[in-house]
Each structure stands twice: as C-alpha cells, then as structure tokens.
C-alpha cells in the first residue's frame, strides 16, 4: 500500500535551539498512530508543522503525493487539525463556528448529521449559544463534531482527550475505530498513555528531536515501561 | 469565495459584539475633547488645524480597530482555523484587511459630527471630495495595517509593536490625507491637489501587492 | 585562531580603505577650493552626500537580501540583511547629525524639515522599529521573517516618503547637494573621490558586520546543541 503521508527530515528550532532535528515518518490510509514523548519534546510543534500552522526550517512532506509546505493551499483540504485549544470564535455559536469552518473547507452543511452529533455528544439545545460560555470539555467535543462533519484523509489531533470525561473519551475511541474502517488516518498525541495505546495501531516515540523508535500494535504496559525507562 | 467567507465572518463578528466600533467612536470623541483642551486655538486658526487633528485621531482609531479585528483571532486560537483551511494566505490578508477597511470607514462616518461640531470642520464645502479622500486614505491604511497587524498578531509584544511599525510607514499617507483635506475643504479646484490623491493611490497599489506576496511568510508561526 | 583581519583579502581591503580615507581628507581640506560664501561649512558636503549614498545603498541591500531570505530560507541572507540594516542605520544617524551641523551656521536653524533629511528621519524611525521587531517579536526563526518583510516595505516606502515630504512643505529650502553637478570640476573631482572612499568604508563595514553576524549565529547554534543534550 502506498503511504498517505510521508514526512522526511523535518527540522525546527526556536531561537536556534533545535526542537525537531530530523523527523521522518509515514502513515498509511486508515492507520491510527500515537505520537508520544516527554513534555517539550516537540509533539505539538510537529503536529502544527504538518498542519501548516508552523513553518519548518528543514524537511519535506507529501500528502497523497502532493507537496506540503508550499504556497499552494489545496493539500489542506485533505488534512484537518484539532489543537489543544479548539480554534473557535467565542462570540459565535456552535452552529456558526462549524458552518464557517465547513464553508472555508468547501463542504456543504448537513443539518441532520449536525443534530445527530450534537445528540451523541450531549450538546443538544446549546448549539445556538456563543461558545465563549462553553466549558473546556464541551469545546473539545465541539472540535470532534467539526472533524466528523468535515471531509479529510488525515487528522492531526493534539491531546484530544485532555478535557474529556470518561464518557467522552470512550466516545472518541469508538469514533477512531470508525475512521479506521473508513480508511481515514489519524496522528494524535495523548497524555493518557493507556488510552492512547489502547486505540492506536502503532506508536511513534519522539525523543531528542527524532523518532527514536516505533512500536507496532503497542500494548499499554510496553509503552509505559518505555516511558519510565526513558529518564 | 474564501475571501468573501472571511470578510463576512469578520463583519458578522463585529455586528455580534459591536465592541470595536463602539470603542473606535468613543475614542474619537475623547481625543477631540483632549485636543480642544490641550490647544487653545484662536477661532481663525481652527480651520488649518482641524484636518491634521482629524487624521491623527483616525490613525489612533485605526490602531484600535486593527488590534480588535486581528486580536479576535487569538482567542481560542481561532486563527488556526483560517491557517489550516484550504485557503491562500493572501486571501486571509485581503479578507481581513477589507473587513478592517469597512470598520474604519464606518467608525469615521459615525465620528465625523464630532469634528464638524467641536472643531468646525467645514465639511459642507466639498462633501464629495471629502468622501473620495476618506475612501482612498482608508484603503491605504488598510493595505499596510492588515499586513503589519498580521505580523504583530503572533509576536509576544505585538500590541506595542503595531503602532511603532505602522505609523512611520504611514507618514506619506498622513501628509497626503491632511493636505488633500485642507485643500478640498478650502474650496481649491481638484486639479491643484490631485497629486495627493495620486500619491495615496500609488501607495495603496504598491502595499497591496507587497501584502499579497509577503503575507505567506508572516502568517505562519 | 582565524579572525576577520587574519584573512588576506580583508587586510588588503582595510589597507586600501584607510589609504583612500587619508587621501580623501587631504583632498577635501588642502586641494578642494574654498567656496566663497560658505567657507569651511561647505566641506561637510564631501561627507554628508556620500553618507546619504551609503545609507540608501545599505537600505537597498537590506531589502534585496530580505527578499532572498524569504524565498530561499537560507539564514546567510538574513545575516547579510541584519548587517546592512545596522550599517545603513548608523550612516542614517550620521546624516541626521551632519545635516544640522551644516544648517546651523548657514541657515541659522539646525532643523528645518528639509525633505531629504526628513525622509532620512522617517526611515531611521522605521528601522528603529525593525530592530525592535528583531528583538521582541518572538523566536529568531519568526522575528527574522517579520524583519525581512519590514525591510522590504521600508524600501518601497522611500520614494513615497520623499515625494510626500517634498510636496508637503514646498517653501522649505532644499539642501544644495543636488546642485553638485553644477559645481566647478575642481570640487566635483574631490566629491567623486570622496563618494568612492565612503563606498569602500561601507563595503568594509558590511563585510565586518556580516562576519560577526555569522560568528554569533554559529555560536548560538552550538549553544542550542549543548542545551539540548
């Protein structure tokens, strides 16, 4: 199978202090991959670079054999990013925010799916409130609804469970499984290693600015051992 | 298409909160009061000072507006939504600059009575030319303003850097707008001051092109 | 250890620059005729105009290297750009000093908003902002890109500022440097010699500053490597 996304030699520094030195990896369609490593090792930086929010100093990447990091913006239609903070306008309601996001991505609005997803995430009846009044957990759920409504081949999720309760986390677990069968690839980070290991097909260990090792179908205890052994 | 989406988004945000517009109009009034108390003009001098004071006030108002229009992208990292969408960076620049242009224009129209009433701006002398000057000057301010605000948006000290970078770049515009306004309202024929309009339009054209080509390099972190 | 001055071609450049500077001084004070009305005050134009030439050449280099930096992502262009910005701004400061020094005895007023001096002042202020952006606008990788954009905007702005301030106060007398072309050839020859000598100084300063800039850059990289491990 040809890889969906390939990144080679990604390098990024802050004030000439390298955070990423030479990161190379690839994801196949339908793969769910966990990116892990210690705090400050550059997980968020890597996701932001792939999403086109940050500019790398070195390296290439291609999505579906289309070159990333160029001034051409079309490749972004196949990729979606959900950060720590959910990228929303606080003064807009949930509906307005999502409609805006979809219009920018040239996806038609689907009211029925929207209502179903609201129901599933327990946000029914609150879709016309400004999201500035939402709690962190509700914002994160709204971010996930945005992913569900959008069209994409690769999603980059930065700590998608950080503010979710147990119910929300298991809901996301089911969603990840559904995306896998639909052939959609996901690269995510998680502070909750057990949850992450449970839902990933593979894990990439980011250490000293490189992918230090790769674990195929990781078992949670293995991962934890690696992490504690790292220091 | 994406340009209109971004423009409509900013207009809608402003209509929802009305924060920027209110702040900009009230600020104009405050500054005019301060000017009036700080400078004790003789009545016959007012005509010569007023266009300059007006444009100076509008420059400060412009900074206020830019900080609001671009600042709202920072809350909840909304800017990432624009950056990760399949939209050219230049369209983000054009969309947001146009939204700011409209905001500035409306704020000015709403605060004009203040200058007419308190500082005796002889607006009735040449209202058509005045609107023309207002339009081209605001376009020029928006062309540079959108670019500099896009740059200071990501900077830790961005809010302080914005006027420091913007004002010196805009000096030709302040001169041209003030001179053109004075001449127009003094009833001078257009042919005697049209070169100021040409200067502003040239400035606008050059900086819009610069913005379209360079915004790509400043939009990302 | 290699230093800037241990490199052969830099030694040669320095020697030629110093020689030209010395001859230039001698020509200006001993050879060039004294202008009747202004006497020694006129001598400052042998400095003032070449300083202005240097500053604006420097700012042009800033914009060109800034463009190359944005397009090619190579830090070497940014080091050039910063070097040119600092050297040009230093020359701009000297223009702002020599202008009033001349104007004080001749016009009886040190600052009269003369168009070219005013343009230099605006540009000087723009570049103060440029250096603030370099310092305060976040990590180097980002602030250097911002600075590059401002460097380009500044160059675009120069003709517009000059046009605006010239029309702004048409009654203000221009400094007579443009009338240099109408001067007797004895003055003109010395003037062009001075222009060339000052360009040598610019080249020397630019190379030196770029050399230091590259050292600082390499040192920071090395420091970053140490901190990282």
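A few comments on the model shown:
The chains carry the letters A, B and C, assigned in the order they are written, with residues numbered from 1 in each.
By our rule, a contact is a pair of C-beta atoms (placed from the backbone, for glycine too) under 8 Å apart; a residue touches a chain by one contact, two chains touch by 3 or more.
Being a predicted model, the structure only gives us computed values, none of them experimental.
Listed here as common contacts of chain A and chain C: B. With centres computed from Cα atoms alone, the innermost chain of the structure is B. Of all chains, the one whose Cα centroid sits at the greatest distance from that of chain C is A. Centres computed as Cα averages put chain A at a distance of 49 Å from chain C.
In whole angstrom, the spacing between the mean C-alpha positions of chain A and chain B is 38.
Between chain B and chain C the centroid-to-centroid distance comes to 32 Å (mean Cα coordinates, whole Å).
In chain B, the positions touching at least two other chains are 221. For chain C, the set of residues that touch two or more other chains comprises 145. Multi-chain contact residues of chain A (touching two or more other chains): 55. The residues of chain C lying in touch with chain A in their complex are 73, 139-141, 145, 217, 220-221, 223-225, 227-229.
For chain A in complex with chain B, the residues that touch the partner chain are 48, 51-55, 71, 73-77, 79-81, 83-92, 96, 100-101, 103-106, 131, 139.
Residues 144, 147, 151-152, 154-158, 160-161, 164-165, 168-169, 171-172, 175-176, 179, 195-196, 199, 202-203, 206-207, 210, 214, 217-218, 221 of chain B are the ones that touch chain C when the two sit in their complex. Residues of chain C that touch chain B in their complex: 70, 122, 125-126, 128-129, 132-133, 136-138, 142-143, 145-146, 148-150, 152-154, 156-157, 160-161, 163-165, 167-168.
Those residues of chain A lying in contact with chain C across their complex are 12-18, 55, 57, 208-209.
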